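Please find one structure pasted underneath; my questions will follow.
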Amino acid sequence: MTTVVVPAETRPGERRVALVPESVGRLTALGVDVHIQAGAGLGANALDAAYSDAGATVVDGDIFAGADVVLSVNSLDADRVAALAPGTTVVSFLAPSASLDKVKAAQDAGITWLSMELVPRISRAQSMDALSSQGLVAGYRCALVAAERLPKFFPMLMTAAGTVKPAKVVVLGAGVAGLQAIATAKRLGAVVQAYDVRAAAADEIRSMGAKFIELDLESLEGAGGYAREMTEDRSQRQRDLLTPYITAADAVITTAAVPGRQAPMLVTRQMVETMAPGSVVVDLAAETGGNVEGSVAGEEVMIGHASVWGGLNVPSQMPVAASRLYSANLAAISELFLKEGAVVLDFDDEILDGSCVVHGGQVRFAPAREAIEGSG
Amino acid sequence: MTTVVVPAETRPGERRVALVPESVGRLTALGVDVHIQAGAGLGANALDAAYSDAGATVVDGDIFAGADVVLSVNSLDADRVAALAPGTTVVSFLAPSASLDKVKAAQDAGITWLSMELVPRISRAQSMDALSSQGLVAGYRCALVAAERLPKFFPMLMTAAGTVKPAKVVVLGAGVAGLQAIATAKRLGAVVQAYDVRAAAADEIRSMGAKFIELDLESLEGAGGYAREMTEDRSQRQRDLLTPYITAADAVITTAAVPGRQAPMLVTRQMVETMAPGSVVVDLAAETGGNVEGSVAGEEVMIGHASVWGGLNVPSQMPVAASRLYSANLAAISELFLKEGAVVLDFDDEILDGSCVVHGGQVRFAPAREAIEGSG
Amino acid sequence: MNQTWVQLAYLAAALCFVLALKGLSSPKFARRGNALGAIGATIAVVVTLVAEDFDHMPAILVAIAIGTVFGVPAARRVQMTAMPQLVALFNGVGGGAAAIVALVEFLSAGQDAGFGELTASAFTVLVGSMSFSGSVITFLKLQGLMTSRPVVFPGMQVLLPLTALVSVGLAGAVIGTQSISMIYALAAVSLLLGVLFVLPVGGADVPIVISLLNAATGVAVAASGFVLDNVLLLIAGTLVGASGTLLTLLMAKAMGRPIGSTLFGALSGSSSLGGGEASDRPVKSLGPSDVAVMLAYAERVVIVPGYGLAVAQAQGALKELVDLLGERGVEVSYGIHPVAGRMPGHMNVLLAEANVPYEQLKEMDEINPELPATDVALVVGANDVVNPAARTPGTPISGMPIINVDQAQSVVFLKRSMRPGFAGIENELLFDPKTQLLFGDAKDTLSQTVTALKSL
Amino acid sequence: MNQTWVQLAYLAAALCFVLALKGLSSPKFARRGNALGAIGATIAVVVTLVAEDFDHMPAILVAIAIGTVFGVPAARRVQMTAMPQLVALFNGVGGGAAAIVALVEFLSAGQDAGFGELTASAFTVLVGSMSFSGSVITFLKLQGLMTSRPVVFPGMQVLLPLTALVSVGLAGAVIGTQSISMIYALAAVSLLLGVLFVLPVGGADVPIVISLLNAATGVAVAASGFVLDNVLLLIAGTLVGASGTLLTLLMAKAMGRPIGSTLFGALSGSSSLGGGEASDRPVKSLGPSDVAVMLAYAERVVIVPGYGLAVAQAQGALKELVDLLGERGVEVSYGIHPVAGRMPGHMNVLLAEANVPYEQLKEMDEINPELPATDVALVVGANDVVNPAARTPGTPISGMPIINVDQAQSVVFLKRSMRPGFAGIENELLFDPKTQLLFGDAKDTLSQTVTALKSL
Amino acid sequence: MDGVALLTIFVLSIFVGFEVVSKVSTILHTPLMSGANAIHGVILVGAIIVAGHADTGVELWLGLVAIVMATVNMVGGFVVTDRMLQMFRPRQSAAKGSDA
Amino acid sequence: MDGVALLTIFVLSIFVGFEVVSKVSTILHTPLMSGANAIHGVILVGAIIVAGHADTGVELWLGLVAIVMATVNMVGGFVVTDRMLQMFRPRQSAAKGSDA
């Protein structure tokens, strides 16, 4: 029988788990055995007992022995991949262009690797869209982090001891995470203004009840609803135009990203320095280069009088919610390639085709293939 | 000319300041000089320059030299009080029954001490009500702390990766802080239930849009709109009846207090142990004995699978907001006793009469007087 | 003048009256409607004067002139507050005129009159006289020339129905005997009946009675139309009779008073208006559509929310109301008292939930200077925070700054009852002449007001 | 039977008709109103039959029986969808009957008729005949027996007014000459006029024309009342004429079509209904008050919100609507599609802001089995998430699970235009026979629906 | 009845006709039209009168045709209107709710 | 005019009277009452007729009194109603707003 294994995550600080007990049933219903490494769910408050109750086997020894499918949040190490049996299918996040060693290892070992980042954003694939689900968690958390760190109130309050003005929050980048950050900050009562380069973003931002920052700049639309990278000139003009908004803000939350690229630098050190004492900046993109100059992933640094919080693996900071959603994404994609208890990869299916990085010794993801071929 | 001095706070971890630059004008308008110790406002993001601009004198040396009035957040040390010139008026928080040494020192030194806790809660005194203003800050912060620590979402979200259920939050004690905690948690989307012993609380809780937990218990109403202390029997019954609510809660926020007494113990260790892994308990009353058994002020401890956060000087964790409100309270009470540039204490005024602990060598606050006379 | 042309002119006048009533029922066309009514009346009178070669023409013209000289200045100079009694008086003379017309026709027609005409004559005399005397009593009550309390004396329970019976009997006798003295007796007893009918009605119910008497005069005029075979009088009278009856019912409903107890309550002892506090300290209550009209036709409105808004969870309805007013060009802002509600910032939490823009919220110190220039202050579930008792020493709220809604041109309170607020003290402003109350849960009353506003 | 009693019975019948129309204008009393109308009609016919000793009584009764045998089964068996044409047909025969009555009266009265009566006769024949032929054409159009497109032929612009002129001229000749052949000619030309009048009207406008012809028949009946000196016919006809005219205007307004272009649009070439896409793929649009009635009289309603709700920020209005329906005992829930909006949980954020209780929100998998038992699915600013295209392969949304609103008994879309949603593909469901559209910004249309619902 | 009386009645009826339907809700447009249509079927009364007074065969036959047509209009009209209105049968729960 | 005609007119007028005011908003109750009150001042027509036909002194005097009373009712009534309605003068901004 096909065995699906869920190893404990090895990335430092990772508290998520690829499969939560609630989703085990969806996999066993596909006719597979589910093995979970003992203690894998602890960070997400999922006890081993809950897994056994749900029908999974809790494994204390080598979880990868006899694995047909490996489900994971983060990508496996190159060594780990190399040691897998040929034909094993791995499903996880895998920034393929930035992890050529792992792709190479998988290619050499004859491993199939489905990358969750590469699931195409078509309607049918929305239930497998882990970027959205984790972005949702990250956006919510960003807003809470900003609220908790600001030495002031978010909401307006008129009291006997005077009127407390509402906090001004500026959100840059209104994708999934940005919109959720807007929603959360608005709920808490902040006055929220937001900016994004996509043309549809203005309406989307307003539909959250926030104010769209109208800049005298053309919009930038890439493929698949994503943004395009900016030219340096536009980038500079955007920063200049945004500066007054940043200066006036109590809190700035940045979530801008361009797929496959470094995060755009939207806020310079000087811009942060114009902010008032006690201001807070939350940079969700710190890990991928940062939207804010000088932000450090996983740390809180002072720039001028403002405290800049750099996000590091932010979804993992809300492990229960993030794991549940990710786990549902994995279950949904598993239902695509596990047919009658066996792994069947039908590359006519746009989703499997799009998300498969490497299969049967072939690198299918073009940018990675080109990079590997180019380098070697 | 009368000199009003604002020393830097000496309590460890205190970030508030008794007077913010915005309020300096209200005092100078009363015809007094305002001296502020250099750096006193830093914790609350108020720079010395802002004070000078507002008309205060920034003093680098001994701030108390020549002081007629001392404005402070926390009470001064007994030594410090003893060193003040006779006739000096001190206005600050001062739990008189718990600080008999300070009261004694003030009595011996001929100091006048107005305690902000004792300002009577009459309509006219609402602008001087520092308990309310600081409770407001504390309540907001409690809810944020709970939201930030919970590994789940507060709001409900129906997504392609499944439905996220809203968090269940239980708030115990619905005074100023409790109501604000309810409001904040509700805004974030949690399902909030709350309980308080006062009869009016049911309506007040519902007026915040939360559900009142109806227990089959009589209400307890004390003087001045405060609660009364519970008998041990009622206390036990209340805990028994509350247990199922605690068990089902994702987050519990406790804010119950009875003036002049230890905080009532509402949640036992066993009750917390029934909570699910990852639950959060926030005990605002940790400093005064705790509403939750085992909570430690200023620390986060694990009880069962729940993390219990004990509040320590919570308003100080949002120093800008808290200082602004407190400062307005002080300005309002100062307007009562500073007449034409001089200190005039008219004890016919209910507010001054009620809040004055010691004056001209006399302890005016009965419980403290009795305790001092009894002990020595 | 050709009879057919006269009839057609009368028809035109009747048409004017219909359109007048229609206009008068909508705020937008009310003035136009009234003007149309006046045009119709002018047509009718002029046509009548030229239709026939009447005897006594000079006398008639002089009489009309005298009537005009009395009526116009009285109507022009009357104080706003004294209008109801003037209307009562006008109604009374109208009823009296109808009675006299029927009486004179009876006198002149004599034995020639048929059964139908006789019945109509007797009916007109009865109803017209009663309307006359009843209206005069209401005038006296409202003008303060006699007590506005219900007047009841022993034996009244018997006397009133007895008088009614006697007048019906006399009417029958008039029809049967065609005796002139009988018709004078009928007039006299009917006058008494009118008096007895109105005496037991208490102050607040008087408007309803005026409306009823107005409808009665209409019916009398219609009957006189039968008497004179005059279609115009028939139509105009019937219109007023029918619309007046409906209006009476609507008014009674709007005031929450069942029509029966209004009229006969004091007599049967079931009314609460016999005396005591309530009638000593009357408050003015009004309906949601009144509030809607007041707000719609105001220039500046200030909303003062309080704890009751939170209890009713009416923030959404309030926001809708304000939005609608804004669309109509009314300037609306919220005056937020620092301690409104039960928690610092309570109103902010509430109004933010309803998505009220922060800019519309004004602090107490900001709104107070604007209140004297405010047309309507709408107090929604607040009490202590607008209680002028705070300005006089010795009350639990003395010294607390308040929002000075009493300086606004008019004040409307939305609350459920006369119960006080948190501080437990009565609010004098509730009894102020410029204050009106809309009773009910604020969510209900606000959403009714919204509905009414939309249909304006 | 005594003539006065007959007249009184007629008056009673007329009264029934007034009350019938009144009843028919409110959903609550509509059925009762219709029954009252039937009662009035029965009274009128029975009284007429017994009032006089008519000749040919057996023949008359047989004719009535034949009419009943034709009318009742047709009305009983007709499909819901075929009702409009049946009404058109009924209207036509009524108009025809009026024309014949006037014609026969003209024939029998002969030279005795006065000017007024003659005029009325000619008018009745003209309008009645025109109504007859016009109604028959609408019947043919709706029944599919001829094209429902506007029929216009060259010269029609001249022919129509010419025919109208000729018929007026003939009417004048009838009055002047009292010639029998003239009146036959008048009837014939009027029949032609009716045909020419209706031919150029396009499918969607036909209901308006039926209403207009209905009013015309009413006027013809009223005129025949003048001819026969019959007050009942006068009143009943006038009532129908007046109410029918107003109704025509109201209908035209509700459909957003100026009455002029409806009738003469195709003729003058200004109408957009001459062909092309719009009339090939017609959608049914309706007004807020229709939606209110549909919802109020439903047992189960499912609301499906989408991105448009967020764009319109209409969450508050939606919540108010749902609350009102709940109060009326309608079972309402929200069906939340997992990707409705533009952000995961977008609808939750919105609806929470409006304080919608979490219990009312149902997930897609939970709501889908309930839809077949749902009377109305109200789709508020959603599109892709209910688009059945998801079930057929090859579209951008193929394979996405949707909320199966197409399984509900009827579907109402609230959107601003025919524009597609995020995925950019057309939604077949918009053209489904059971779908109706309420166009406009969702916040506006929802709050109009709320207002309409409150007044039900 | 004299002309002015008839005219007066005519004018008043116009008002009544306008006013009674002025508050109709859109959904009732069609049933109301149909009901009004049935009401003008009362031309049957006229048809009976002319048929009953018919002196010639033509008059009689025309009158009888008018009777048939008017009957169809009247009887069919009321029946079809009633069928249209069947959706407005008061529901139990709704009735309860709206009474409250 | 014959009795039935008068009765018919009477009945129709009742309907018209009811219907035209059925939608009145509460705030207009008093002005409407006052306006209706002025309308029944048209009894002046009757008073003129009886005074004009008066045969005896009593009849004339009574008639003249009726004329005075009816005139007061009519003229005063319309004037006072107009004064009441002055608050409904359309405001600039409001008018603009409600037109939109």
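Lettered A, B, C, D, E and F in written order, each chain numbered from 1.
By definition in this document, contacts are C-beta pairs under 8 Å (C-beta built on N, C-alpha and C of every residue); 3 or more make two chains touch, one makes a residue touch a chain.
Values in this document were obtained by computation on a predicted structure and should not be read as measured data.
*Asks:* Provide the labels of all chains in contact with chain A and in contact with chain C.
*Replies:* Where chain A and chain C share a partner, that partner set is B, D.
*Asks:* Show me the overlap between the contact partners of chain B and those of chain C.
*Replies:* Output, common partners of chain B and chain C: A, D.
*Asks:* In terms of CA centroid distance, which chain is the most far removed from chain D?
*Replies:* Most remote chain from chain D, centroid-wise, comes out as B.
*Asks:* With over half of the numbers shared counting as same, classify the chain E/chain F interface as same or different.
*Replies:* Interface between chain E and chain F is built from largely the same residues.
*Asks:* Give the chain pair, either B-D or D-F, that is connected by more C-beta contacts.
*Replies:* Of D-F and B-D, it is B-D that has more C-beta pairs in contact.
*Asks:* Averaged over CA atoms, how far is the centre of chain C from the centre of chain D? Could you give it in whole Å?
*Replies:* 40
*Asks:* Indicate the whole-number Å distance between the mean C-alpha point of chain A and the mean C-alpha point of chain E.
*Replies:* Distance between chain centres: 70 Å.
*Asks:* Approximately how many whole Å separate the CA-defined centres of chain A and chain F?
*Replies:* 77
*Asks:* Please report how many Å separate the Cα centroid of chain E from that of chain F, as a whole number.
*Replies:* Whole-Å distance between the two chain centres: 34.
*Asks:* Touching two or more other chains, which residues of chain F qualify?
*Replies:* 1, 3-5, 8-9, 12-13, 15-16, 20, 23
*Asks:* Got the chain A residues that touch at least 2 other chains?
*Replies:* Residue numbers touching two or more other chains: 126-127, 132-133, 136, 155, 157, 159-162, 164, 187, 189, 209.
*Asks:* Touching two or more other chains, which residues of chain C qualify?
*Replies:* Only 18, 231, 235, 313, 338-339, 344-345, 349, 352-353, 355, 455 qualify.
*Asks:* According to the definition of touch, which chains form touching pairs?
*Replies:* A-B, A-C, A-D, B-C, B-D, C-D, C-E, C-F, D-E, D-F, E-F
*Asks:* Applying the document's contact rule, which stretches of chain B touch chain C when the two form their complex?
*Replies:* So the residues of chain B touching chain C come out as 122-124, 126-127, 132-133, 136, 176, 179-180, 183, 187, 200, 203-204, 206-209.
*Asks:* Tell me, which parts of chain D touch chain F in their complex?
*Replies:* Result: residues 4, 7-8, 11, 14-15, 18, 231, 235 of chain D touch chain F.
*Asks:* Which of the residues in chain F end up touching chain D in this complex?
*Replies:* 3-5, 7-8, 11-12, 15
*Asks:* Chain B touches which residues of chain A in the complex?
*Replies:* Result: residues 15, 44-45, 47, 126-127, 129-130, 132-133, 136-137, 140, 144-145, 147-148, 150-153, 155, 157, 159-162, 164, 184, 187-189, 276-278, 305, 318-321, 324-326, 328-329, 332 of chain A touch chain B.
*Asks:* For chain E, which residues are in contact with chain F within the complex?
*Replies:* Within the complex, chain E contacts chain F at residues 1-2, 4-5, 8-9, 12-13, 15-16, 19-20, 23.
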